[in-house]
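Here subunit A shows up in two complexes: once beside subunit B, once beside subunit C.
Now for the complex of A and B:
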C-alpha cells in the first residue's frame, strides 16, 4: 500500500474516513443487537446481560404470540417465495439466454424494470390489481407471496444469466458433439453447472423476502399477515421492551446465515474466488 | 430438438408472470387514475382508454397549479432527496475512492464490510437509530456531550434539546443518508476500479498536481459511476414514506410517498392516490431517460477515445 511510504499523504485520511464510515454504518445496528440482550425493559439504558427477551416466559420472541406469529409468517412467506421465484427465474433465464428472434429484448427490459421501480409504485399497482382484477384472491398471504415473487424474480434471472454467460456454450456443444440428446444436455450438463448460481439466487430471494417491507405491507390483509418488518415499522417508536430488538436480531441472524452459506457454496463450486461470490450476492 | 420454440416455452411461465403481475398491475394504476369511484369511495377502473375520465387527473393538476398541498409536498420531496444525495456523495465518494484505488490486498475485506448494510433489514437500521436518538438514548447523549447538538440548535436544524425524533427535517435527511448511501458506494467503487492507473500517471508525468490530476482525470472518468449511484439512491428515496414516518412522524416532513401511502393503503382516496402514483412514475421515468442518455453518450465518448 502506497500510504505506508508516505503515511501523511492523501490515502491516510481516506483510510480514516473509510474506517469511520464503516463504523458509522454498522455500530448503530450492533448496539441495537446488544440491547436485545438487556436485562431490563429499557431500550436506551444498559442493565446487564440476559436472554429473557428471546426465551423468557412472557413477552419474549419465542413466547409472545404477536412476535412469534410475525416471525413464523415472515419465514413462511420466505419459503414460498423461494419455492416459486427460483424455478420460475431459472427457466426464464435459460429461455431468455437462448431466445432467438424478436421479442427477447423487450422481455429483458420488462424483466429488469422491477429492479428500478420504487417499491411504493409496485405496492400501489399490486394493491389495485388484487382489489379490482383478482378480488377472489384479494389481499392477504397469497397476494403477499405473489408480490414478493414478482420483484425477487428479476434478481434470480440476473444472477443465473450472469453464470450462464460465464459458463459459455462450449460444454453444451461438446455434449451435443458426443451425441447427448437436448434433454440430457440440459439435465446432465447445464443444470449441474448452474447449481451454485441456483443456490445463490435462492438465498438472495430468501433474504429479500425476509427484509421486504413495502410490497408485503401493501398486500397484507389483517393482523395474521403481519411480518417482522411490518412489526418493526408499526412499533419501533412505541415498543415497550427490547423484545422488538430481539425479534429483529433473530431475523437478522437468519438472513446473514443464509447469505453466508450461499457465499461459501458459491465460492466452493463456482470457482473464480471471492470476487465472483461477492459479485453474485451484491445485486 | 433445439427449436427456437422450445426455449420460448421454457421462458413462458416467467413471461406470463411478469405480464400479469407487473404490466397489468401497472395498467391497473392507469385505469384507476382515469377511472371513477363508487358510492363507497372504492375505485372503479376504466380499462378502455376511450372511456377514460380525466376528472381526477385535472383535480390533481389544479391542486399543483394553485400551489396547494401536492406542490408543497413535491417540492419538499425534491429538496430532501437532492440534499440527501449531495450528502451521500460527500460521504460515499472518499470511501469508494479508497476502497477501489488504495485498499490494496484488503480490498476484499473492505468490499465485504461495505456490503453488510445491504443485508441488514432497512427497518432494523432505522430502529437502531430510533433507539439511539430517543431523548435519553446513547446517541443523543454523545451528540450532546461533543457539542454537535448545540451546533444543530444554534443553526436551527434542531428545535429543542434531545428532540431529534420530534419532526426534524434534518433527522429525516440524515436517516436517508444512513439508509441509502451503501447503494451509492458500490457502483462508485466499480467505476473507480475501472479507471486505468496509467491515465492518472500520464497526467502526473505531464506536470499535473495530485489535486488537478484528480479533478481533471479521475473525477470526469468516474462521472458514469456518480450518475449511476445517484439514480440508484434517488429512485427508492422518491418512493419512501417509512423513513419520515419512523424518524419524524410529523406532517412537517410529509413527502410524496407519505401522501400516496395515506391515500392508497391507509385511506379511501385511492383514485387520487393512483393519479399521484402515475405522476411520480412519469417523473422517475424522465429521470431514468436522462440517466440512460447521459451514460450512453459518455460510453460512446470513451469508446471513441
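Now for the complex of A and C:
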C-alpha cells in the first residue's frame, strides 16, 4: 500500500489485479482457440498441432456441411442486418436530432429501450409476435433478420447521434449559408462528417448479429436457419469435436477483425475518446 | 449600389424569452455596420435572422427592398463568417472556398479562376490543398472570409470573427478586414462585444441592450453624443454625475452638490433628477481656486502614467471619483499630478452632457420568463 503513503508511487497492487483479471478473462477463450488446432478428436487432451479441423477433408469447418451452413447463414444474417439497420439507424438519428416538438424526450427513451431490455424478454416477445400477429412471416430467416435489426438499430442510433451532437449544427448552417439546399447540406456536409460513425455502427451491428444467440435462436425455423452460436450451443453436449472450436475461432476472428476495423476507422476520423466509447459499447 | 438592409420591427422570441424586441435598423449599402453590445443583448440573434438561421417571430428583413424574412438561408444572397469559422473539416482549402460556387452557373475554368483570385485577395495562394486543421487561426479566418466573399453576396455577415484570435493578430485583421470591405464595396454587418473594435472598424454602429437598439450612428456620433447612461458607460470611459436640472436659457442649469453648472449638450430640456456625463479627456485640470463657472474642487487621488497621457483620478467634494486625462504633449503642467494635490476641475459646458434615462429592460419578457415558476401547479 505504498501509494497510500506516497502519492507519487505507482499503485502496484492495482496493476497486479488488472493483469490477473485480463489473464482470467482471456484464459477460457485461449483454451478454446488452442484446441481448435488439436491433432485429435479430444477437446481436453492436447495431441499436437494441426489445421485439420479447419481444412481437413472430413468434419472440418471448411468441409462439414452443417458447420459450413451455420457459418454461411450467420454471415448472411449479419450482412442483411447491417444493410438494413445502418441506413435506417442513420435516418432515425438524423430525424431525432431535428425533433424539436413535444415528446422528443420520450422518443429518445423508447429508442434506448432495446439496449436495456433483457434479450430473453425480447426474444420471447418477438416469437409471439411472429407466430400470432404476423403468421405470414412466421419464424425463419426473415424473422431472424427483423429480430436482429430490432435491437441493433438502437446501437446504430446511439453511435450516430453521439457523432451528430459532437458535430453540432454549425456546418449545416454554413452549407445552407453558401447556398446548399437541404438535400445537399446532407449529402455534401453531414453524411461525409458522419462516415466514421456510420462505419463504426455498421461494424457494431455486424458483430452484434454474429454474436447473437437468444433472439436468433427463438426466431429460428429449422436446421437451415441454424447459426454458429446456435450450433455451438446445441452440440456442446452431443459429440463435440475440435471442429466446433475451430468454428468458434472463425466467428471470434470475424468479430474481432470487424471491431478492430471500426475502432481504427473511427479513431482516424474522430479521435480516440469517442472511439473507445464506441468500442466499450460493444465489448 | 447594392446591399441595403432594413430591419423593421424585427422580433425574435425563444419561448418566453424575447431575444430581439422589435428593432428598427437601417444599414446603408456598402457600409461597415457594427452591431455592438454586451453578451445576451440580441446582436447575434439579429445577425442569425439576417442570415436566415433563425426565423423572426415578427417583423421584416428588407434586403435591397425585398422582404426576405421568410426566405430560407440557402436562397438569400448574404453570406456569413462564423465565429468558429465552421470550415468543412473533410474538404481542403480549395474545396471549402469553392463550396458555394456549385450553385452558380460557372464553367470549370471560371470556377478555378475565381478560387485563385479570392485566395490572392486573402493572401492564401498556395494553400489550396491544405486541410483546415493544418492552418493557423488567422489563416482559417481568412479561408472563412474567402469562402463567403467568393459568392459576391449583397451583404457579408460576420459573427465576432476575430474573437478567437490573439490580440496582435486581431489588430492586423481589423485593418485588413476594413481594407477588404472598402475595396470590394459590399455591406459588412459585423457583430462584436468589443467597443474598441467597433470604434476602429465601423462606418456606423448600432449599440444594443436587452434586445433593443439603444443608439445608432457613426462611431464619432455615438462616442461624442451618447444619449443614455448605458451608451455612455458601454462605449469608452465616462464620468457619470447625478444632478438636478432646471431651465437656463438655451441650455440647462445643473445643480451638482453645492454648485451650479451649465450644460449645452444632450437632453438639455430634461428637468429634475438627471444623470450627467463627461469624458475624461474633456475635463480640464486647473490650479486650485481658479475662478470661473463650471468648476469644482478636488484632490488628486492617483495619477497613472500611460505614455501618451496621464490618467488622473480625482476625488471631488461630495465623494465621487472622477477620471481625467492629461495629454503628455510636452507642455509644462499647470498642476502637480501627485497624490493629495488640491486641484480645480473645469467641466466645460460643451463637454457636459445631460443623459436621457436608459430604456428599461424588456419587463414583459422577464416577467413572462418568471411566471411559469410562480404559477406552476404543485403536483
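Operating definition for what follows: the second predicted complex is superposed on the first by the 259 of 283 C-alpha atoms of A that agree within 3 Å, B and C clash if a C-alpha of one lies under 4 Å from a C-alpha of the other, contacts with A are read in each partner's own complex, and residues count from 1 in each chain.
As a working rule, a contact is a pair of C-beta atoms (placed from the backbone, for glycine too) under 8 Å apart; a residue touches a chain by one contact, two chains touch by 3 or more.
Nothing here was measured: the structure is a model prediction, and the numbers come from that model.
Overlaying on subunit A: subunit B and subunit C, fit or clash?
Taken together on subunit A, subunit C would fit alongside subunit B, as the superposition shows.
Determine, under the contact definition given at the top, whether A:240 touches first (subunit B), second (subunit C), both, or neither.
Neither: A:240 stays clear of subunit B and subunit C.
Regarding the shared-chain residue A:170, is it in contact with subunit B (first), subunit C (second), both, or neither?
second
Have a look at where A:192 lands relative to subunit B and subunit C in the superposition and call it first, second, both or neither.
Once the two structures are laid over each other on A, A:192 reaches subunit C alone.
Using the superposed model, measure off the angle between the directions from the CA centre of subunit A to subunit B and to subunit C, in steps of 10°.
Between subunit B and subunit C, as viewed from subunit A: 100 degrees.
Quick check on the superposed pair: does A:29 touch subunit B, subunit C, both, or neither? Answer first, second, both or neither.
After superposition on chain A, A:29 lies in contact with subunit B alone.
Among the partners subunit B and subunit C, which is in contact with a greater number of residues of subunit A?
B
Please work out whether A:178 is in contact with subunit B alone, subunit C alone, both, or neither, and reply first, second, both or neither.
The answer is second: A:178 touches subunit C but not subunit B.
Classify the contacts of A:229 with the two partner chains as first (subunit B alone), second (subunit C alone), both, or neither.
first
If you've got the overlay open, could you tell me the nearest Cα approach between subunit B and subunit C in whole angstrom?
Between subunit B and subunit C, the shortest C-alpha distance works out to 7 Å.
Across the two complexes, what residues of subunit A are contacted by subunit B and by subunit C?
On subunit A, the overlap between the subunit B and subunit C contacts is residues 182.
Could you list, by residue number, the parts of subunit A that touch subunit C in their complex?
Interface residues on subunit A, with respect to subunit C: 170-171, 173-182, 184-185, 188-189, 192-193.
What does subunit C use to touch subunit A in their complex?
51-53, 72-75, 78-80, 82, 84, 86-90, 99-100, 102-104, 147-148, 151
Report the residues of subunit B in contact with subunit A in the complex, numbered from low to high.
Listed in rising order, the residues of subunit B that touch subunit A are 1-2, 4, 6-15, 17-19, 21-26, 28-29, 32, 42-45, 91, 94-95, 97-99, 102-104, 106, 108, 110-132, 134, 136-139, 165, 178, 181-182, 186, 210, 235-236, 238-242, 245-246, 249, 257, 260-261, 264-265, 270, 273-274, 277, 280-281, 284, 288.
Of all residues in subunit A, which touch subunit B in the complex?
1-3, 10-11, 14-15, 17-18, 21-22, 24-26, 28-29, 31-32, 35, 43-45, 88-89, 91-92, 94-96, 98-101, 107, 110-111, 113-114, 116-129, 131-133, 146-147, 149-150, 153, 157, 182, 207, 210-211, 213-214, 217-218, 228-229, 232-233, 236-237, 244-245, 248, 251-252, 255-256, 259, 274-275, 278, 281-282
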